[in-house]
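Common to both upcoming complexes is subunit A, partnered first by subunit B, then by subunit C.
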Partner chain A sequence: MSSLGTKRLGKELANEQVSKSLPPGITLVKADDLQEWLLDIQVLDQNPIYAGETYRLKFRFGKQYPIEPPEVVFTKQENRPIPMHPHIYSNGIICLDLLGSSGWSPVQNVESVCMSIQSMLTGNTKNHRPEGDADFVSTNKARPKDIEFYYHDNEV
Partner chain B sequence: MAYEGNVDENLICPICRVALVAPVITNCDHVFCQKCLVQAHALNPVCPVDRQPLLKLSSETRPAPKVVANQLDNLTVRCPNRPRGCDLVVARSLVENHVSRYCDKTLVPCPHPSCDKTIARKDVAKGCLHYEVDCEFCGQPVQKAGLETHQDMECLNRKTNCELCDWEFVRSKQEEHTKECPEVEVTCRFAPFGCNHKMSRRRLEQHCAGCEYRVVGPVGEQLAELRAEMTALKEKDRLKDRRIKFLENRGYSAPAATENISNMNLPAQETAPYESRDQYFLSLFETMESKVERLSSALTEVEGRHSMMLFNETMPIKDQLTEIRSTLGVLGMHVRWLMNFRLQERGRVLGGGGGGTNSPSLPGTSQESSSDSNLPRRLSDTMREHPPRL
Partner chain C sequence: MCDICCDDDEGLQSFAMKCGHRYCVNCYRHYLTQKIREEGEAARIQCPAEGCSRIIDARSLDLLVTPELSGRYQELLNRTYVEDKDTLKWCPAPDCENAVECGIKKKELDKVVPTVACACGYRFCFGCILSDHQPAPCELVKRWLKKCADDSETANWISANTKECPKCNSTIEKNGGCNHMTCRKCKHEFCWMCMGLWSEHGTSWYNCNRFEEKSGTDARDAQAKSRVSLERYLHYYNRYANHEQSARLDKDMYTKTEKKMVQLQSASGMSWIEVQYLNSASQALQTCRQTLKWTYAFAFYLARNNLTEIFEDNQKDLELAVENLSEMFEKPIAELADSKLKVDIMDKTSYCNKRRLILLQDTAENLANGMSFKL
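Right, the complex of A and B next:
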């Protein structure tokens, strides 16, 4: 990783660990190195689709972070399902413009990405997967970053 | 670069999150480090903050205003040679000059022509120091160039003076000294009983003699002792209980056993009270059962108490409710009577003569009686006539 990336991530980590500045509903689970972090995320309001559940996000930081976006997916574990959302595939891949190269901005950070995802869940009312989920999940081999999403749906 | 103190949030680059270096400002008024913006721009030609298009950096950005640059120059930083012993803190604009020209801890190439190592600037005059010598305190081989730092910072056998009491000791004995140093801060001896005082060990004796908690202290100690004794006794008691129950059970379930055998068995019981596991579990089960019984009876009692309490609480509320209801009825009656009265009066005024200038003494009525034709608007009209005073 470039020195810019290591410094920035180190700063973010120190910020989050020392001052515990993460917003409510988001907790840092594991950040042993500056390549992969795990965070737990909860939807705090009473949205019936997500009430009482905790989801686990995996961040992978490339060499170019923060110039390039991190790779952010939900991972499935015991007690950590993949949330139902028309933009989240059942393998955990998230279709969100700010995680793609064109929507990303180096001003974003781990905290702001988590908050975006949290609000994306909070505002959702549709309890189903994206169209063609089964096809996508069975055929996709590409890294989330390289998938060409078509950001058409601005309702959710 | 380590900054001394906190840097103002406004002077931090939103991309690298440290104080700006060579700041540039975009046409949309956002400031970044020049390097950061170039990198971000190569990926996506928009402003990282508000995503306004930035087609050509050279034409759409310019160096940040002087006032920003000056503030950045005034930030104080630590000399990067701090790990090698330079404690200087200096304005950021001057640190480069300091390191490259003046700081005698800066590493420079060794003056010896065949040596390719580096050496601190202050030692240049001493020639090549890249050979090993033994440390005179600990005997370990150390490079001559690093001997001084080794002795100052690392060597465990080097004597040092305690910062607090000036006592001289070997560095490896640091921990032992801390335990007895008269100047080290320790808590009062009576801290477990509530004394919050903290002071140097030397003054502690004096404090303990007058500590408010010294009276409580011995009592507390005795209390703790008694408590420990009590738990031990309780434990013993429980054991005895169990044994008694077991014996009772035995006598009950095996009355047919001959006296001879029971006599034979009795002394053995003292060492091993329960010969068979089943019996042990049976007794355990019995105690459990009695406990459950006790708990359930307590539960019903609590339930009863709760319902009584609830009843007691709601009774007065119900009373008050009926009272309020009756008051409401009376009020309604009053209102109806007043309305009737008003209607009759208006009928009389209208019949008397349309203008109604000499209306009754109530302040609102003059308005109402003059504009009685549009009844629904009366409220807003009165509002306009008498605006609520804030």
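Right, the complex of A and C next:
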């Protein structure tokens, strides 16, 4: 990782551990190195789709972070399902413009990404997967950031 | 503090455009390098701030990045300029960096074939970027290339290895054995050699010497008819492919010509300018063959009427002229130096060029007047 990325992630980490500044519903689970972090998120209002559940996010930081976006996916574990959402595939890949190179801004950080994903869940009322989920999950081999998402439904 | 690296050292050098989003110079530089080098962006690089749509201007960029990157930026900027403009296209020749301007509109492409010549010498169609395909319009070229890719090999094989049953016209491959054929579909029994009834063959089981019997000739006529469409396609395809191959050989010829010109200069004491006629002849051959090649695709789709005959005459004249010139051109050095042959070659060269222009003028006029094709 470039010195810029190391310095920046170090600062982000210090900020979150020392001041515990993460917003409610978002907790840092693991940040042992500067390559991969795990975070848990919950939806705090009474959205029936997500009530009572906790979801796990995996961040992977490339060499160019924060100039390039990190790779962010949901990972499935016991007690940590993949949330239902028309922009989240059942393998955990998230279709969000913020995470692509055209929607990313280097001013974004781990915290702001988590908040965007949290609010994306909070505002959702559709309890289903994206169109073509089964096909995509069985055939996709590309890294999330290399996928050209086709936004079937821009209202969500 | 810089919001990208979160650095707040004293004396941190920073930069902001008019939008006021200020970041340290180092981060800005990283950001721009990534956009230009990895993402190939130029005209659409925005301020790094989230949601700020301010585009980085060239002057700010020059302040921030190395001259090398700035050069790449200019290159990309030119590229987007050309790509965004309908009247500009990059020359598709390898290593050519020129763009060509042409005012043709998309809807005119069925009436005009907009061949352009780049300063590098490469001639291509502004409509579809393929190399020059006059007189055939783009749509026709697309169909022809697709047909050739789909059919040519299959059609060739069918033509070489199969015959149709004289009774039901099923295509039959003879993959060994004797000449006594029984059609699997209609059970008709016939002789592979003469296509006549097998019952008339008597005892000559493995050899057919009955080529002139009536049943055989009739069957062969019927067969010939069913093959007309296939043969028609192959007729045009073979001529098209032949000129294409010759055009490829022209490339080798060009290098040979250059050598010949040098040899000729030393053998006959001619000056450089005096041997340029060989260069002109070589150029003429290449261009004319390219045109001839496409006249065959053009002719394949052409609906038959009085104009067709004029077209075919023009085509024949050009072909004859080209083959004549080609023959002269391949004479050994000793003969090439002969001043009579030189005059002949020069005459033939200008004749070829003239015939080509006449053919193209004629077809261009007919195209503009709405020529009919059988597609």
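Observations, loosely collected:
Methods note: the second predicted complex is superposed on the first by the 152 of 156 C-alpha atoms of A that agree within 3 Å, B and C clash if a C-alpha of one lies under 4 Å from a C-alpha of the other, contacts with A are read in each partner's own complex, and residues count from 1 in each chain.
The working rule: a contact is a pair of C-beta atoms (placed from the backbone, for glycine too) under 8 Å apart; a residue touches a chain by one contact, two chains touch by 3 or more.
As the structure is a prediction and not an experimental result, all values here were calculated from the model.
Bringing the complexes onto one copy of subunit A puts subunit B in a clash with subunit C. In the overlay built on the shared chain, the residue A:7 is in contact with subunit B and with subunit C.
Judged by the touch definition given at the top, the superposed model places A:71 against neither subunit B nor subunit C. Residues 4, 7-8, 11-12, 64, 66-68, 101, 105-107 of subunit A lie in contact with subunit B in one complex and with subunit C in the other. Looking at the complex, you find that subunit C touches subunit A at residues 3-7, 26-27, 30-31, 34, 38-39, 48-51. Residues 4, 7-8, 11-12, 64, 66-68, 101-102, 104-107, 109 of subunit A are the ones touching subunit B in the complex.
Across the complex, subunit A meets subunit C through its residues 2, 4, 7-8, 11-12, 15, 64, 66-68, 101, 105-108. Taken together, the subunit B residues at the contact with subunit A in this complex read 14-18, 35-36, 39-40, 42-44, 46, 48-49, 51.
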